[in-house]
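Here chain A shows up in two complexes: once beside chain B, once beside chain C.
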Partner chain A sequence: MQPIIKVKNLTHIYTDGQNNKIKALDDINLAIMPGEFVAIIGTNGSGKSTLARHFNALLQPTEGKCFVNGLDISVDENIWHVRQNIGMVFQNPDNQIVASIVEEDVAFGPENIGIPHAEIRPRVEAALASVNMTEYAKHAPHLLSGGQKQRIAIAGVLALLPQCIVFDEPTAMLDPRGRKDIVKIVQNLNKEKHITIVYITHKMEEAILADRVIAMEKGKIVMEGTPAEVFGQVKKIHELGLEAPLSAEVAEALRQAGYELSRDIITDEELATALCQ
Partner chain B sequence: MSIEVKDISYTYMTKTPFERQALRNVTVTIEKGEFVAIIGHTGSGKSTLAEHLNGLLTPSTGTVCVDGVNLNGKGDKVRSAKHKVGIVFQYPEHQLFAETIYEDIAFGPRNSGKSEEEVEKQVRKAMGFVGLDYDAFSTRSPFQLSGGQMRRVAIAGVIAMDPEYLIMDEPSAGLDPISRDAIFAQLSTVFKERDIAVILITHSMEEAAQYASRLLVMAKGQIAIDGKTELVFKEQRERLQEVGVDIPESIKITDLLCEKGLKLEKQAITKEQLVQYIKKAKGWS
Partner chain C sequence: MLADITLGQYYPGTSFVHKLDPRTKILATMSFIIAVFLAVSATSYAVLVAFVLSVIFLARLPVLLVVKSIKPLWIIIVLTMGIHLLTGQGEVIWSWKFISVTKEGLSMGVMMSLRLVLLLMISSILTFTTSPIVLTDGIEYLLKPFKRVGVPAHELAMMMTIALRFIPTLLEETDRIMKAQMARGAEFKGGNIIARAKGMLPILIPLFISAFRRADELAVAMESRCYHGGEGRTSMHELVYRHRDLLAALAMVVLIVIIGVLKWSNGLCVI
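== the complex of A and B ==
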């Protein structure tokens, strides 16, 4: 099978307004397969957003290559394919809304890429249904809660029928309820619609829902594996300036104090089961 | 010395179809030396309340006084009362404006008439506070940064003003967990040393539980619960659920363990407590 996203020796150097050169990505190699759910973690400035912005050609490599379905994102003719197949959802729900009525907002993407009119309506309806926002189709987005706006932003991306959606800290601004809604929707899109998910987060309870966790530091990928593999190495996680989910942290502290506990413990349920058997 | 909010109400976009009452008869006093967390469902009015505390919004009815001075007025006294209150906004990009990070953070101290030498000292201190390396970042643009770095600049800008009342609206959104802990640890130190008031608005129940001694829970534009943090999470669970507020992860684990037969002596708030109580319950210490 061909990877949906493939990154080869990717380096990205920014030049800012003050002429500073900042190396944000340093020789990255990565392949993401269709249907995968990949979480990316890492400290502030480690390069997560910069990497993700290459996936749909919002940024171009300084050195190296990025391919989507085998197509080079730095070739102009491929950009259309890339943008249609890799959707992005960002942190701030307010900055992603463009229209004053929900259904128009969701229709904006498909209209923009020239989808025929007759096809747009069913796409918008399906997209709103996928995020449980059908009843808000005629509402004004700015009066919705942050979590609802974020669902509209996801619907807008879904209306393009992408193969993959990249989420850049989609729950950072949301209250616990909104956070739970979004996480559930993301899981459904992956499990039921087989959409490939790339999910950047600082919340380790969310990262453990992925099939694979990638940890970044200073523009490099420094750890990779299943959530249990990555968060089982609590010491290494700490060295990277990161934190494991609370249950994994507690299990590690108990192991440090000399008690036998499995390294696979990463959820509350697993911790409770291990302690109460 | 306190911020005194008396019976304030506030309505956005009055006399339009979008009219929305965001605060209803809110009364609360926050004293210097208090660390207060404000939590509540999205849209419950937290940010609207925060923006009243330094006079950014003027209440439709009611008054807000800082150290006895009503903010709804003019003149030097009112201006200096407003200057005592520093606010870190929910969206940091709303408060960044200068060409370089140095200039952005220097704005506050410079404005209060400090010498350039003192200003630089203040900027260095504030950047240290949020963990931004002075040499690497001071000449960079505040707009061309990672999300978490941008938030740190916004926090540093307010810290540099040495506010007596520090309001932070979701300061940890986008911060990596270890930096967040480091910033909060420093905040706790400053809070104790300088006897300021800290008002923390947060969706993280863990943060609220760990750092604040008093909890204000907002619902539908009103303060639904006002009490000691520990007691609120212990005794008001049903009410919290009613107003759509979660409980800290550590308490969820405490509950789950109890359900499965391992009863901890107390509700754990921090990781350290959780570890300690588990050891005790298991007879390991």
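== the complex of A and C ==
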């Protein structure tokens, strides 16, 4: 099977106002397969957002290549295919909503790619239904809660019928309830609509829901594997300046204290089951 | 349509006027403005007032709502009236000490302020009966022919859309910044103009910084959703002229003809 996103020896160097060069990505190699749910973790400034922005051609590689469905993102003719198939949802829900009526905003993407007038409304309705926001179609976005706004942002991306959605810390600005809603929607999109998910997060409780976790440090991929494989190495996670999920931390502390516990305990249930044995 | 009420001054409804195509309404408003400038006699003003009242009635708008729309400019209206009253030449009908009011001054004053009132009322009827989004669509469409001479029709419409979206957000933010600065002991009331202007700086600077950050993020988000200007763009709303638009256009033609006949048959021409 062809990977939906393939990154080869990707390096990205920013030049800031004072002409300083910042190497944000350093020789990255990565392939993401259709239907996968990949989480990317890493401390601030490790290059997660920079990597994600190559996936839909918002940034171009300084060196190396990035392919979407086998098409090079550096070729101008491919950009619209890439942007339509790889959607992006950002951290601040306020700053990605364009129109003053919810349904108008969801229609923005399809309008941009010239979908005929008659096909736009069905797309908008379907997109709003998948994020449970149908009843808010005529509302003004600024009156919605953060979680609801983020759901509108997701609907706006869904209306383009993407194969993959990249989420860049979508829950960072939300309250616990909004966060739960978004996580649930993301899981549904992956499980039911088979949309490939790339999910950048600082919340390890969210990262363990993925099929694969990628940890970054200083522009490099330093750990990669299933959530159990990655978070089982609690020491290494700490060295990266990150924290493992609470259950993995507790299990590690118990192991240090001499208890025999498996290394793949990462969820509360797994910890509870192990402790009851 | 509850949410619409908070945006601009749209007054939702399903009347004949509400259902007209936005382009018809914009063009009709423009022709009414022309009619107002053609009107010279008391009769023609009576026709215009009757026209506005029947539009209000057709749109099922509360008369008071439309009358209130002249509030922002009432000082100018009163001033216009006053200046014409006091400076008019001709037959004196009332005088006190050095002040005298002439018949011509009175009629000019009434006409001029009535002109302003009519202009304000007709343009607010347009915004009361058309949702801002639809209005934007209409403006974009009507400006399209002027693209060739360099009018950025799509860009103007996009600017309006974004302004409508972000004005409430920025207002909320202003409020929040003001409260935060007040909690730190900032004073926004009292003092002379300079002191007050200085007092605004702690609000304006964070507001500008945040607005620029928002603009930056919004631009990236728009691009990631395939935005690339107006080229090849479609719209969810299709603008179509219907029978009622023809009716409205006829009504406007009739109005202009009446006003025109009243003007040139009198032979008397003011302005």
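To be clear about the criterion, the second predicted complex is superposed on the first by the 277 of 277 C-alpha atoms of A that agree within 3 Å, B and C clash if a C-alpha of one lies under 4 Å from a C-alpha of the other, contacts with A are read in each partner's own complex, and residues count from 1 in each chain.
Criterion: a residue touches a chain if its C-beta (ideal position, glycine included) is under 8 Å from a C-beta of that chain, and two chains touch if they have at least 3 such contacts.
Worth saying up front: this structure is predicted, and the values here are computed from it rather than measured.
In the three-chain model built by superposing on chain A, chain B clashes with chain C. By the document's definition of touching, both partners, chain B and chain C, reach A:Leu143. In the overlay built on the shared chain, the residue A:Ser49 is in contact with chain B alone; chain C does not reach it.
Once the two complexes are laid over each other on the shared chain, residue contacts for A:Gln84 go to chain C alone; chain B is not touched. In the superposition on chain A, no contact is made by A:Val75 with either chain B or chain C. Look at A:Asn92: by the touch rule set out above, it reaches both chain B and chain C. Residues 92, 94, 140, 143 of chain A contact both chain B in one complex and chain C in the other.
For chain B in complex with chain A, the residues that touch the partner chain are 18, 20, 40-43, 90-91, 99-100, 139-141, 143-149, 152, 170, 173-179, 203, 205, 244-246, 249-250, 252-253, 256-257, 259-262, 271, 274-275, 278-279, 282, 284. On chain A, the positions that touch chain B within their shared complex are 14, 16-18, 20, 22, 42-45, 49-50, 91-92, 94, 140, 143, 145-147, 169, 172-179, 202, 204-205, 238, 241-243, 246-247, 249-250, 253-254, 257, 259, 268-269, 271-273, 275-276.
Taken together, the chain C residues at the contact with chain A in this complex read 1-4, 6-7, 131-133, 161-162, 164-165, 168-169, 172, 213-214, 217-218, 220-228, 232-238. Partner chain C is touched in their complex by these residues of chain A: 56, 58, 80, 83-84, 87-88, 90, 92, 94-101, 103-104, 107-117, 120-121, 124, 138-143, 153, 156-157, 160.
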